[in-house]
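After this come two complexes, each holding chain A, first together with chain B and then together with chain C.
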Partner chain A sequence: MHKALLIDPAKCTSCLQCEMACSFENEGVFNPAKSRIKIFEFEHGARAIPYTCTQCAEAWCLHACPVEALTRNPDTNAVEVSNDICVGCKVCTIACPFGTVNYNKSSGKVIKCDLCGGDPACAKACPTDAITYVDADWTGYERMQASAVSGHGRPA
Partner chain B sequence: MSWQRKVLRVDLTKGTCETEDLNMEWATQFLGERGLATKYLWENVDPSVDAMSPENVLIFATGPLTGTMASTSGRYAVVTKGPLTGAIACSNSGGKFGAELKYAGYDLLIIHGRSEKPVYLHIEDDEVEIVPADDIWGTTVWHTEEWLKAHHQNPQMKVASIGVAGEKGVRYACIVNDLHRAAGRSGVGAVMGSKNLKAVAVRGTQGVTVDDPEAFMDVVRTTHERMSGHRGRKELTEFGTNAMIDVMQNFGGLPTRNFQAVQFDGVDKINPAAMVTPNEHGHVNLLTNKACFGCTIACGRIAHIDEEHFTIVNRKEYIHASGGLEYETAYAFGPLVGIDDIDALTYAAFLTNEHGYDPISFGGTLAAAMELFEMGVITEEDTDGIALNFGNAEALTVMAEKTGKAEGFGEILGLGSNRMCEKYGHPELAMTVKGQEFAGYDSRALQGMGLGYATSNRGACHLKHDVFGPDMEDQTGKGKAEPCKDSQDFVAMLDSTGLCLFSAGAGMKPGHFTELVRTACGGDWDDDRLTQTGERVWNLERMFNLKAGLTRADDDLPARLKEVPAPSGTAKGKVSDIDMMIPEYYEYRGWTPDGEPTTQTLQRLGLND
Partner chain C sequence: MDYVVIGTGPAGVVAAETLRRSDPGGKIKMIGDEPEAPYSRMALPYLLAEDIAEDGTHLRHGSGHFKSLGIDVVQDRVASVSGADGKLSLESGGALGFDRLLIAAGSHAIRPPVPGMDLDGVENCWTLADARRIAAATKPGSRVVLMGAGFIGCIVLEALAARKVELTIVEMEDRMVPRMMNATGGDMIKRWCEGKGVSVLTSTQVESVEKAGDALKVSFKGGEGMDVDLVVCAAGVRPNIAFLEGSGIECGTGVLVDNMLATNVDGIYAAGDIAEGPELITGKKEIHAIQPTASEHGRIAARNMSGYPTHYRGSLSMNVLNTLGLISSSFGQWMGVDGGEETEVADAGRFKYLKLAFRDDVIVGALALGLTQHVGVIRGLIQTGTRLGPWKDRLMQDPHRVMEAYLVRTQGSSYGY
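Right after this comes the complex of A and B.
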């Protein structure tokens, strides 16, 4: 079963534990500036929205890469960057419609979410379950269930 | 490791920005944040200087755990000599600014001198510049933050700034970061204003590492899990700090109408339940809760004001969310001034953040002014035509704006209770210690709290000790000296790590702090060494105050709390036992009967050089 990150902005408190966990997992340092997931705050903090790569089925970043540094990991379904191959041309950062692939000047390569090889650190670190790692084919399950309950009353 | 080992020193008189190595000998004695900044203040400032003079120094300090994954790791402290009290001022704040300063590569930012013209400091990692602030001087905190991010095209920048209150020297002006988090007390914003420094805008991309990452992360996971299931954590998350208003109401420790009463009839209209109950227009005050950097509690309240409320019906710019009622704001704009209009309280809370001043001291000063007004000492001629009666919500909201702008009677309120009451010939109405107003706990009902207020080095403050348990169990002064001193030292240690005091009420145990510090910093940190570090910090603060001219007489409570019995509640008929507690406390601290640390005490703490 492939899994995917499921993000529920309503539960996010903007604590940035996910950003620290991401940078620690990938760079060995607590540094939100090197995080693959970002929290965006709006309206004086009334809304906070975690945002990262959705691992597109038709991944534009992957198609745009001239040196084939981006490949799909069949085990996790994540699009991963090979640092040995990446030349830092940044074309993938332009191709991505969501901005979730970014250049990292200290390594000279691009960085993006790779689902931590199937055990994403952000989801583990999130204290409110705003980020969870669930069945990729059923990311809507909980919301569907909630709608079912509210539409038909509580099941007996 | 954990420390960045670097200090940024800015001299605004000379216009220079220089970096230097962090003094690691001091770091191992004073840890960081509050403690380390106190040491740097001690070494850089003559305690007798005028707080608002260029000779005073303003220190922004992060701790070794700031910016790490330890829960509540977003704290920084501002330490300076305070203009409200003439004592050491140490005010800490959450939000995201502190971690950003650390990520830029600095443990401490030390500001000397005074700029000839208004400036702000712009920091992007190693690049630091002093920039003219003509475009933002005279504007609000909210405008300043927005302007700086747009001007530098850097939405990820974090900003700590002052409003007009700080520029014009309101004695309890604060430094606000991230729109509604503040180094709130003791007037640190007025010191920043006196230096003509409008803002510190910082972007940091360097990250923080720890000594033993694997061991550190083990402690992080253990503490996160423990906090997750902890009752204290759950209550803070769900109700925010304002849960305390019901506790204090029931206990009879809720200062009301300038401490003339200890219970308030209108509590049900401003408590956590009221914050989530729709009003007659269907408006609900509370929108959501919000965390500071790294915090797994998220006690912050984000609220909005009913669009039809008189405060904003003609001010559409306030139809938005922002930082809502915490306990101290609810107390200071509620019971203390006799007001139960939740929208007026929320609006006033917005204004204190927007203009940058301390709601506790403002509420306390306004309460004293209201008593003066009701006594007939001041009239509408003094108060710009506003009837300053207890319970008048318009008086609160109008004076909140005037104080933020230091206009009209707001300029008088900006002096703080002591100076204002002195001016009108009634110093006895100032409910303060060392010139700083009380938080929302009455010393007649909570005796240990009274001792904590009286001995707090920054003037009346509820956050420098924790005697809550003993206070709820026994309403006499007996046996309070020991838990007061011990908890003061513990909090001084905690405040020096970079974590938030609330972590301790939300499931972190004393041993956890030790494990976090040891695995992050390396070295032989154990419980005893950390406790002694806290005691060292407390005593150095005390030495600063003694050199600044404070004496035993400044460790006292106002006559009202010592002579006028609590009129109701569980402490009905009681007065503060402060005169009995102080000698016990001095002795337990290892101080002389005059409140000075003995040579042996200083020697034991390594403070005798």
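Right after this comes the complex of A and C.
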């Protein structure tokens, strides 16, 4: 059974611990700008949405890559970037209709959520359970993902 | 079922792999004319920049990938196709029959009709062989003229700059990347490149190239000439349709296909750079010689070839470019559509620009300079035709709120908005 990130924006206090944890886990620095998960605030901070890749079945990024630098990890179901293979062309950043693959200027490659190999730092860092890592067939997750991909359909 | 795929680029490779998944027992032959493993032309600039080795340009990395899928990769050229009999002839001699044929033969780099374009020292940058010759001919300080500041010219520019050559780029039109950027964006890119030490000559035509001792003398129309060591020509590409003459397959600039990627001849499909197919917004037939279209075309064509009818809404033109550190992107109908509205914010001093084009309250195109975070949501909004409702006016006022608009309009319901 694959697990997935379950996001409950109602519980998000916009503390940015997830961004810090993600950046530290993946980049070795506390720099929210390098986080693969991002908190978007609305209504002047009254509401916040943690936002990251849902590891969508369509994997538009993976199909757009010219050199097979993006592959799906069969253990975690995450689509991962191979830094050794990525040439930094950035086509995946414009092809992903969710905007969850970003160019990282300092490495010259792209970055995206890879579920930290199956132990996501954001979920561990979140003090309010706004981000949890749960079985992927959890009803709420399915509902969220169905909504997230609605209208996007297949990469066609 | 006997499948033949002409072409070993991204469209051909994705199609062959999709055919294998849809039809485990089918016979699949993929024909390419270059003596290389299937590779990505898009990766060639990174090879020239010495970021990667040759195998880094390969489309697939596993050894024996195609063999393990039972895909027979053949090095040859198709001389002609007889659509009515389901047969094609090969340049090496012999013929092949097929039940289903995919034409994914790509395009070739053209050279403008200028005297001297056939001289040694004038190269395209289109094939691995071209890249090897350019690499051998350049070292730091080499004098290079690059003809063409289109999208391909600009990624080659980046690679040549990484080789530390003394670079002049010449463009006939009045701005850089004229087909991906308007004057505002194109002028910013030009000014940025000039600031990085590249000489950019827009509205300039090369009149001739001549031998001048060990060098080449490049003359410009109505201006001075210059002596260089190498001329790289990036003046555009054209679909490889010559071999289809007499095939009965209907062509415009490329091979004309419908929403199933089918040609006018039963059982024959086309995909990628060679296919002239429906565009997403207007439905008009266009050629989008870009990686995402090649991959989508390849997959959809293969589904249809193997008996799984799959409708393609159309391709969306999109490009992302890095010119010496300035990142630009363009999407769809960025020039606007009849009866639509447009909005833009430009900060020329900081090389930032964002333009959105709407039809009603739907985004149909965009241009961006200096935007690298969450840029894909622009594609998401265009691709899904998301109605922006009250957010349209907010974006007209401030296009930078596009991520907010995206989250609220596409995901709002699951978050209680």
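We adopt the following convention: the second predicted complex is superposed on the first by the 139 of 156 C-alpha atoms of A that agree within 3 Å, B and C clash if a C-alpha of one lies under 4 Å from a C-alpha of the other, contacts with A are read in each partner's own complex, and residues count from 1 in each chain.
The rule is simple: a contact is a pair of C-beta atoms (placed from the backbone, for glycine too) under 8 Å apart; a residue touches a chain by one contact, two chains touch by 3 or more.
The shown structure was predicted, so the numbers you read here are calculated from the model rather than taken from an experiment.
By the document's definition of touching, of the two partners only chain C reaches A:98; chain B does not. Within the superposed three-chain model, A:90 lies in touch with chain C and out of touch with chain B [touch as defined at top]. Residue by residue along chain A, chain B and chain C are tallied for touches, and C comes out ahead.
According to the touch criterion, the shared surface of chain A, contacted by chain B in one complex and chain C in the other, consists of residues 47. For chain C in complex with chain A, the residues that touch the partner chain are 10, 14, 40, 42-43, 46, 51-52, 56-61, 290-292, 295-296, 299-300, 310, 312-313, 318-320, 322, 327, 329, 331, 372-380, 383-386, 403-404, 406-408, 410-411, 413-417. Residues of chain B touching chain A in their complex: 67-69, 71, 96, 99, 103, 156, 178-180, 204-210, 213, 217, 224, 228, 287-296, 298, 300, 302, 304, 320-323. Looking at the complex, you find that chain A touches chain B at residues 13-17, 20-21, 23-24, 27-34, 43-48, 125, 127-128.
Residues 9-10, 38, 40, 42, 47, 49, 51, 60, 63-64, 66-68, 85, 87-91, 93-103, 105, 108, 143-144, 147-148, 150-152, 155-156 of chain A are the ones that touch chain C when the two sit in their complex.
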